[in-house]
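Next come the structures, one after another.
There are two complexes below, and they share chain A, which is joined by chain B in the first and by chain C in the second.
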Partner chain A sequence: MSGYLESQLIILCLNVIYAYGIFLPAASGQLNLGAAGFITIGAYSSAWINASGAPMYIAIPASMLFCAAIAFTIAFPILRTRGVYMVLATFAFAEVVAGLIINLEFLGAAAGYPVESHADYLVVVPVTILVVLLCFFLMSTRLGLAMRSIHDDEAVATLFGVDVRLAKVAAFTLGAALMSLGGALYGHHYNYIETQTFNVLLSIYILLYVLLGGTQTAWGPLVGAAFFTVVPEALRQIATASGHAWIADSRFIFFGAIIVLMMVFRPEGLVTRTMVDRAATPFGGGRSGAAPAARTA
Partner chain B sequence: MADNVLSIEGLHKSFGGLKVIDDVGFAVKRGSRTALIGPNGAGKTTVFNLLTGVYPVDEGTMVLDGRDITRVPAKDRVIFGMSRSFQNIRLMPHLSTVENVMLGQHARARRLGDLLYPLGLMPGNRWARAAKEALEDAGLETYPGQVVANLPYGVQKRIEVVRAMISQPKLLLLDEPAAGLNQVEAQQLLALLEKVSASGVTLLVVEHDMHFVHNLCDHVAVLNFGKKIFEGTPAQVNDDPLVREAYLGSDTSMAGQQNAAPAAGAADAP
Partner chain C sequence: MDLSQLPQQIVNGLMLGGVYVMVAVAFTLIIGMLNFLNFTVPALFMLAAVLMWAILEGHGIALDLTAIAVLLVLAMMVADRLQQARLPPPVKTVGALGLVAGACVFLWLTLSFRPGPAVFAWLDGAVGAGGRWFLGIVVALATVAVLSLLIERFTYRYMKAKYGDATEHALPLVSSLGFLIVIEHTVISTWGSDALTTESPFGNASFEVGPVLFSVPQLLSLILSLAIVFGLSVMLKTTKLGRALRSIAERPDTAPLMGVEVGRIVPVVYVIAGLLCATAGILFTINYTTVDAYIGDTVATVAIAGMVLGGLGNVWGAIVGAMLIGMVEVMSIYMVGATFKKIPIWGLLLLILIVRPTGLFGHTAIGKGKF
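Moving on, here comes the complex of A and B:
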């Protein structure tokens, strides 16, 4: 594989993993703007464990467990907040993580931290595929159904026996573990990490991938992350190839316009539930708008 | 008493300074079809909300099938054998019809193995089959990708009943199930409820349509301004002076009330 393609593939994979980490809480109605915080924890803890002598394949799962433990602990106060307050609380959490790391000398502080073991695409790609499969599986289960119900109507989900708190904590914690995995892979691939890389812009982009991709099905984060990784890069390529630098310069305007248009025309995300079901049964599906009405009416 | 699926005693509830439920007590006999009626704002929906744990009670006890559920968390009450439909449709807008009904099965599927069973990957699994059958029994057809938000009101209303039913409750609480249904739909609902009742489920139904109540119910409790003012058979209720006054402030027949539009108002909560 060419170096360029490989580098793009890695970026795509990392974005997909991050996106699923934010998707799990989002599918149950929680807006998490703390991606950078969990990614940082994953990257640094895996790198540190690795540096302490453990091989990568131990360090990465250990970092996921560590991050999951932190997420589980902060889930209880954070999940008491809702909507924009939860966005702020998770954002604040990520800032605290960044602030801590930058003051920890043994993790290199502001100078960054080198990472020993290397993970090439032969590690990153299969792991990404596993993450995608896991999330598809999870969303197809009754737990996934419960999460989607919570997204729609918490009170009613409760009355039908859904343990709303448990489901939310599980989604948040599992999502954090996935982001930690993404962060660890980032570190092991580039073999160097610094907190500045994992900033609030990254958190915003990941949340955008998920919301614009759609939170109703497991396709959403995949399509969202792929779209927003490939399109800006393609624009850059087109600009270089055609010699029209203005395309490259204005791609952020274009990008912003796409986001606004999507929010207007597809507020529920690129991929919706109905779309997936119809695609799955191209001939069996009923016409939209056809009243399914009573058989005997 | 083992004969009662539900007994409520000395129930009180105030919102702010407003006394909404004032010393209400009644029992629902096992296997009965009890109606809970009363004018708009009488507190009927609030009784359901207290029963299902949407709000804590101020005072009083509620015993479901011999177990005191007064302090049981809302999410566990359905396990003890009680489920409900809502006055204002509360289906999950992004879930398909079958998925909405499958949510009703949740109380019976809380083990880890059930929670991690891939419903969506196994077409024709027993949970989905049961949900589809229950919908068909109710005269409702489904197609893949059918999202409930686009369905006609009367259909949504009946899906709510099916969702509540499929949790296999001992006591089914229905909050104005016939409101907004046309004649045919109301007739189908009636047939469905007869069938549910015949299978041994006890019904407690809030309903404004007295015609419907007369057709379905064998026992009636009447609330007015948060107080129980009458309990008896549907035949007696028409002749009770207190009830007539509550409804009309005069002695006109209650039958004329059957089309009174049920007001939404605070009933939006649970």
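Moving on, here comes the complex of A and C:
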């Protein structure tokens, strides 16, 4: 595989993992704008465990456990907040993490932190596929159903006996573990991490991948992350090759404009539940009672 | 630590708070009236600061961009009128096509003639150095006001028309993030992402009171920002417009029944919020003379912490909160170091959200919606 394709594949894989980490809470109706915080924790903890002697195959799961423990602890106070407050709380959490790391001398502070073991695409790609399969499985379980019901209507979910808090905390914690996995893989692939990479814009982009892909089905984050990783890059390649460098420079302007327009034309995301149900039964079966009416009103 | 510097640091904290005040009030207005967190506020702050810088430095392309923005909004307004007009459908189609063609021609004319540099050449000759100041302030305010109208449509109006309640979904939040990306990358692809510096026209004008050094522009902008926010709160309390705004904040569904023209008032909220952040951005350029494409993320988001501290939707709370946050920032830089400032600011925000989510003086009803 050529170096260029490989680097793009790695970026795609990492974005998909991050997106699933945000998707799990989003599928249960919580907007998490703190992706950068969990990614930072994952990247740094895995790198630090690796540096103190453990091999990568132990360091990455250990960092996921560590991040899940942190997420579990903060989930209870953070999930008390709702709506806008939750967006702000997760955002503040990410900023606090960034502020802490940049002051910790043993993690390299502002100078960044080198990572020892290297993970090439033979590690990253299979792990990504596993993550995708796991999330598809998760959404088909009872927990996935509970998350969907909370996303659609929390009060009704409570009335039907869904343990809302348990499902929310589980989604938040699992999502944090996935983001930590993504962060750890980032560190081990590039062998160097610094907090400035994991900034507010990263959190925003990941949340956008998920919301634009759609939070109703597990296809959403995959399609969203793939679409918004591949299309701008392809646009850049085509524009550079055809001599329109200014299009390549301004591709993110188009990206932003597409986001705004998508909210007008496809507000539930690229992939919706109705669409998946129809695709699953292509000969008209999806039109019967099985297809839920689009909840747009 | 040298305690003799303490009074000076307190003054610096108040000055920084003065910039945050207007951004925090802009955030709080939108969240109080319309119940959504408007992420275009940091972008508009940054845009105004960078436009001010560009015009002071004589970059003609700033005027070209402004012309394009104004054109976009005009085209959109005409399109809206056209859609609502009682005309036979073929006429509407022809009108829409003509509009698109006209917009393309105007865009092409702007891009090929680049009127900006010519305007600068004329301005420097005819008016002198003060002309750029005047032009910078006018252009920054006008561009932001016009863009606010565009943003209002795509974050509120179309969603409201389509789904009844614009804040039901995460739509406005996502659209505003889209605008944030568009504006930031427009600036980055025009001027790059490095720091942009200019000369302060006031030089180092300052005066001393005892051990404390007051910088004249900073003091002026603090007074100006407090005066503007004070005027705003008087307006909210006494005028007819203010009463309409408060009624929308109270019950958006009932307000139209009481004869409040929601469709006309909401753009006004956006424009007021936009002008507030534009003023903050202009003052930021004048005071600190260094801007970059990321000051929206790094400076203006801090105002969010101030807004939450004071309670969402509460103008006076936002003022106190923003002042406190400015103070916390300066003090933590002074006592521990510049890299440390994020921990107390965002830690404080996190703590307040968990312990007392309504802020110090907050309303309980705001921000309880789904997103």
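Note that the second predicted complex is superposed on the first by the 284 of 297 C-alpha atoms of A that agree within 3 Å, B and C clash if a C-alpha of one lies under 4 Å from a C-alpha of the other, contacts with A are read in each partner's own complex, and residues count from 1 in each chain.
Quick note on the criterion: a residue touches a chain if its C-beta (ideal position, glycine included) is under 8 Å from a C-beta of that chain, and two chains touch if they have at least 3 such contacts.
Not measured: the values here are computed from a predicted model.
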| item | value |
| --- | --- |
| Partner chain in contact with A:V260 - chain B first, chain C second, else both or neither | second |
| Chain B versus chain C as contact partner of A:V84, first or second or both or neither | second |
| First, second, both or neither for A:R236, with chain B first and chain C second | neither |
| Partner chain(s) touched by A:D163 [first = chain B, second = chain C, both, neither] | first |
| Which of chain B and chain C A:E95 touches, first, second, both or neither | second |
| Touching both chain B and chain C, residues of chain A | 268, 296-297 |
| Chain A-touching residues of chain B, taken from the complex the two chains share | 52-54, 74-79, 83-84, 86, 90, 92-97, 99, 102-104, 106-107, 109-110, 114-121, 127, 136, 139-147, 150-152, 155, 163, 167, 184-185, 188, 270 |
| Chain B-touching residues of chain A, taken from the complex the two chains share | 137, 139-146, 148-149, 151-153, 155-164, 216, 268, 273-278, 280-281, 284-286, 288-289, 291-297 |
| Partner chain C, residues of chain A touching it in the complex | 29, 31, 77-78, 80-85, 87-89, 91-93, 95-96, 98-100, 102-103, 109-110, 199-201, 204, 207-208, 211-212, 246, 249-250, 252-253, 255-260, 263-264, 267-268, 296-297 |
| Complex contact set, residues of chain C against chain A | 31, 35-37, 39, 154, 158-159, 162-164, 169-171, 173-175, 177-186, 188-189, 297, 301, 304-305, 308, 312, 337, 339-343, 345-347, 349-350, 353-354, 357, 367-371 |
